[in-house]
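What follows is a pair of complexes built around subunit A, which joins subunit B in one and subunit C in the other.
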Partner chain A sequence: MAALLRLRPATSPQALARRDALLGLLLIAPTVLILSAVIAYPLATTAYLSLHNVYTPTLATEWAGLSNYRAILSGGTFWHALATTLVWTIGTLALQLLFGVAMALLLNRNIRLRALARSLVLFPYFLATVVAVLVWRWLLNGLFGVVDHALIALGLIDTPVDWLGTMPNAMATTIVIGAWKFFPFVVIAVLARLQTVPAHLYEAARLDGAGSWARFTDITLPHLSGVLGLVALLRMIWDFREFDLIYLLTGGGPLDHTRTLPLVVYQQAFGLNQMGMAAAYAVLMMLLVLAMTIPYLARARGRR
Partner chain B sequence: MAEVVFDSVCKQYDDVVAVDALDLTIAPGEMVTMLGPSGCGKSTVLRMLAGLVMPDSGRILIDGNDVGGLTPGERDIAMVFQTYALYPHMTVAQNIAYPLRKRGVARAERMRRVRALAESLQIAPLLDRRPAQLSGGQQQRVALGRAMVRDPSVFLFDEPLSNLDAKLRAHMRGELIELHRRLGRTMIYVTHDQLEAMTMATRIAVMADGALQQYGTPADIYDRPANRFVAGFVGTPAMALIDGALLFQDNRAILGIGGLTVDLGIRRFRDRPVGTWQVTVGIRPEDVTIGNGPFAARISAIEPIGHETILTLEAGTARLCARVAGSSLAAVGETVRFALRQHRLHFFDVVSGRRIDEIGLAVVDGKAM
Partner chain C sequence: MPIARRQVLRGLGAGGLGVGMALLAGCGDRTGGPTILRWWSPQATPEQVASYREQIRAFESRNPNVRIVFEPTSDEGYPTQFAAAFAAGQMPDLVTHLPSFAAQNYYDRGLIEPMDDVVAAIGADSFFPGALAPFRAADGHYCAIGIGSTAVDMLWYRQDLLQLAGIGAAPRTWDELRAACAKVQRRGLYGTALPYGMNSMTSLIFISIIHQAGGQLFTPELDVAIDSPPTYAALDFYRSMREFCPPGATIFSWGECLTAFVSGASATGIYSGRVLANVAAQNPRIADVIGCVAYPTLSRAIPPWTFNDFPSLFIPKGARNPALAKAFAISLFSPDIYPTQLRATPGHILPTLKGIVDDPVYLADPLVAKYQREIAMMAKLAANGHNLGMESPAHLPNLRAGEIIASNCIAELVQRVVLEGENPRLAVGQAASRLERLMSA
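Up next is the complex of A and B:
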């Protein structure tokens, strides 16, 4: 009899949980919709295009299956462009990290006009790429460029150097200008981390007999390892996909020596009017970028 | 064991004088606590000795050698920080071994010494852990281990116990006293906690506003404070400091404070001056006896602590505290009678704040009657 008299709540826990779940779905719906519109739809469209032959001016489309991919992977253009992309990415990334960390260490010290120096250092990063490239092309111009002029005046060279028209100069110049343009990103991230390293650690290390180099390797670097990993990953992805700086500086030349994968995609889509091939290149690039993030994600998961 | 000497050491930060002409000689093997309120310069003194801060002028000598030109690592000094400053990415063993590694001690010898030290500090099971995996007390021991491992001649402690909870703090106080006894090294300990200073030190250096106020044994500091600052700073609850007048008449000294008149007799003042002197009188709570006595006061507050009760009394315009054993049945607002232990009263010059002693008024403050 007692069981019959047991009080029952007006709403069961299951019903409450269902109501909460519904509210949850409603709340994340806007985000899901926007992400679908700006990420999922273009992604699906690209994948769809990559399986077709598409003539860019008319967008006339015919089914091609995997033939675009077959053509890309069996031809030489892709592999050459991939090698070029890797040289550019690794070269400019290494310089960015080197300059970035060095500058952050400098700006973290108690130098005069530190606030001013900190803002000035961000300048290249905020400058529009097209402006920066135009200025650099003037600076490097063989007839009236300041760079050649200064080097000749210093007696380092006799005749102007062809900075962008020959190899390996073109690649080296592009890498250095890329490093100049993007190293402030490294500075910002590293400087922020440096300011959180407890000063007591450096004092303890000084008392323990560590010199300045030992303090850098034993205290500063271990503290920076996390942020450097993240910054290197982000910059690697962005450098890998870098288009405007290289396109404006060399246009991919001389010949195709600085033609990285993004430039190939552009050339396929609008130079050769093969939107399907361009899409296939883009899909392959996306897979490569995904592969780059795997070690980082694995490490992040391992740490948790 | 090492003697540490500060010879008119000065340090200024921008407009603020952190340490003003410090003269202090610390005998070998002492455990000295630098006691003072925040910003009194005590940490700066410690950091100048460590070599982390350079003095503007003056000399610092360790065992007779001027250490001004030596780096912190060359001074044969170890320091324990308030935050412990353990290297977060190194294991406990690597942390303790670090000073040895930087001095080129061979790996096998390093390991042997770290292991022996870990045994004595009871942290041997923790050697492979990282600082983040340790409790505050364990981190404290590791920091001690890192300081002890290279057997320095001077140990510095910068408020090392302030990040621990009360119970652990009391325990670590005992361990540090034991450590000092065992190692016999000169130790200098900065704190703003007078309980730490009184219990641990062989001598206390009380500082305020960058200047050394008094250097002496804990008993000296407590029983014979050199000036009004030391008198008010050391002791809980604080010594009551009441302005009053000393009247010398017919070879007797009569004290008037806040409407009370106390006949001090003639024994205290050797010089037997005449006339009226403005003084500050210091009265410790334990020198006020409640129950009988010539004075009456109203109880304005009662703080029961358990083993004793602190009564705040108002007698005329004077406010003072009294310590009563156990719990008190008195109520706020009641009037009680009390007496003062006259031979335990402290007198300070109203102008300079300096202690007026048996040596005589005229000699101490330089004013002749």
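Up next is the complex of A and C:
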């Protein structure tokens, strides 16, 4: 031990610099290796697979060149799924922001049981998606679901509503359930920012005769714009890639009206056993997500 | 004495490496432990899992160094789960209850073991005639064994409700079924519960309906033959039945169709013999007033076509211990063990081994005794049943059947015509093109 801790004799500045450089490389190596293993390798493999015809169970490959991409871009499935993905993403994101900001404003006020409410509002976000979907499917079940029974009891409908099996109900229901599941993320971020808005600004505005709407638009919203922008970008990327909630709720139906791009990738890879085609879809999806990430990165760099 | 930062880091690195090596060495030390076999099946109700545990206990007591772990899969999810497991090299040691066409497909791709030695050990003569035919591969080997038999698309009906509506006999044709549904349907009671969802049940049931109109999806040589008058008649029938189904039937699959009939929400239903156990457990007040017949056909001139998925047993090529897995497979067919799984869901999984139907232990089961007539009928229909893997005895095995079902192209045809109101000719044309692409992929 003493030998291990003994200081080495002084060496020339060049040798010391070389040793420092080597140590630097040694220290950074684990990070590089881990990043390569978890990011670069999967990316390279996906790109490689996308250029081949691959039968999923055996992973037997056959060179396909760009034919997978040509087939995707010239066929209708990709464009339809992209349009569906955008409808889902924009719809659910808008509701998440609306509910999230409204709830954050409410929880920022001095209401009774505020601490409990702040905890409970996070519940949907922490609930496993499969559990949340099963609960919603039972709530909306046409034979035994409480939602239809309540609406019939209230005289609002005569027969159960087909919430998930026809359009536009299926997309609307999926969007609303998605918003319910993910809006707490917006609440957390916005509430944290709201607590940093100086109270004297509201007092001054009140003295100047500003109403609640004017205080919201002139004080609250400008303070929230930064965090809202980032939250919207992050949620947009996550919603664009959302798989489990939609798959479990509608399976992409009716027909292909809620079949978003991640569902197409899944069906290609494991339903039709065409891993190469699935990888090509995944690469195109990744490029689209990358395009969404650029404003986020630019914004983050601008704030630095 | 001061310590240089670099030396501390070097020391930490060396220490971390040592700890990591030690941990890895510890993980690798598995000598002396029991051999673990993994068993997958999509048939996993609590009663079935309890029966599997009984079967496992019996095998483990004779083989103390073996531990068998049962892991459930699902009817809807197995193609994806198996594709991922094969790709990852994480296959179980034994698989049961997948349809015969899945086994044929996997065998054709070299993913599962031939089972000739297992069949020989059990005795090919012990099986009902034809029970092993769906598992005979193109090379003459058995790709799997029939662990059971199921009449999947029986028409279940409530005798009390039909009698109340003045209907004396169970429907035998589509017209009679439609008329019966129209008579019994009232507020809170649906005529029937058919699947219209984008799932495997819709595809599989609609394939049966096409056959019940005298049609087929493929010729015996496996050329696409879906674009034919029986398919249009089937679509017409299926569309006309929509008004007798719950609004939510647009997402119905196996569970929902079963529940609709068992709960009493519909007067008729389509399902296998699992109805018997579920009625006994969940709604015993209707237990004395239910009956089943072969699903009606377009006309009396067309014989019934029963969908039997021919539940299989096979061993993947990646199994860690195929010899032990085969020994366990053989044990599942032993006379003292085999009836255990049949009694878990009486009438649902029907025997493929001779002698079981007369076995006093099997017959002593209260549900088997109570519904002896229905179970005998289902056994007879299932024995003459078919599935997309082999639409008739004249058909070649369709090795793409699993992918056709997983593609949902038949369910999509149903949804296009019934839910979207599309022109049947266009929809059938599209389905035919997709089938051709899937067959040539």
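As a working rule, the second predicted complex is superposed on the first by the 274 of 304 C-alpha atoms of A that agree within 3 Å, B and C clash if a C-alpha of one lies under 4 Å from a C-alpha of the other, contacts with A are read in each partner's own complex, and residues count from 1 in each chain.
In this section, contacts are C-beta pairs under 8 Å (C-beta built on N, C-alpha and C of every residue); 3 or more make two chains touch, one makes a residue touch a chain.
This structure is a prediction, so every number in the text was calculated from the model and none was measured.
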Quiz prompt | Overlay on subunit A: subunit C relative to subunit B, clash or fit | solution = fit
Practice problem: Could you say whether A:F270 touches subunit B, subunit C, both of them, or neither, answering first, second, both or neither? | Solution: second
Quiz item: Thinking of the overlay built on chain A, is A:T293 touched by subunit B (first), by subunit C (second), by both, or by neither?
Solution: neither
Exercise. Scan A:T46 for contacts with subunit B and subunit C and give back first, second, both or neither.
Key: neither
Quiz prompt | Which superposed partner A:L201 touches (first subunit B, second subunit C, both, neither) | solution = first
Quiz item: So, A:G209: does it touch subunit B (first), subunit C (second), both, or neither?
Solution: first
Exercise. Based on the superposed arrangement, let me know which partner A:T61 touches: subunit B (first), subunit C (second), both, or neither?
Key: neither
Quiz item: Is A:T77 touching the first partner subunit B, the second partner subunit C, both, or neither of them?
Solution: neither
Quiz item: Of subunit B and subunit C, which one touches more of subunit A's residues?
Solution: C
Quiz item: Who does A:D218 touch here: subunit B (first), subunit C (second), both, or neither?
Solution: first
Quiz item: Upon superposition of the two complexes, what minimum C-alpha distance (Å) separates subunit B from subunit C?
Solution: 41
Quiz item: Just which bits of subunit A does subunit B share with subunit C as contact spots?
Solution: none
Self-check item: Of all residues in subunit B, those that touch subunit A in their complex
Solution: 47, 50-52, 71-74, 77-79, 81-83, 85, 87-89, 98-99, 102-103, 146
Quiz prompt | For the subunit A and subunit B complex, residues of the former touching the latter | solution = 198, 200-201, 203-210, 214, 218-219, 222-223
Quiz prompt | subunit A partner contacts - residues on subunit C that touch it in the complex | solution = 1-4, 6-7, 9, 11, 13, 79-84, 86-87, 106, 109-111, 196-199, 246-251, 259-260, 263, 265, 403, 406-408, 412, 415-416, 419-420, 438, 441
Practice problem: State the interface residues of subunit A toward subunit C in the complex, per the touch definition above. | Solution: 4-8, 19, 23, 26-27, 55-59, 141-144, 159-166, 250-256, 266-267, 269-275
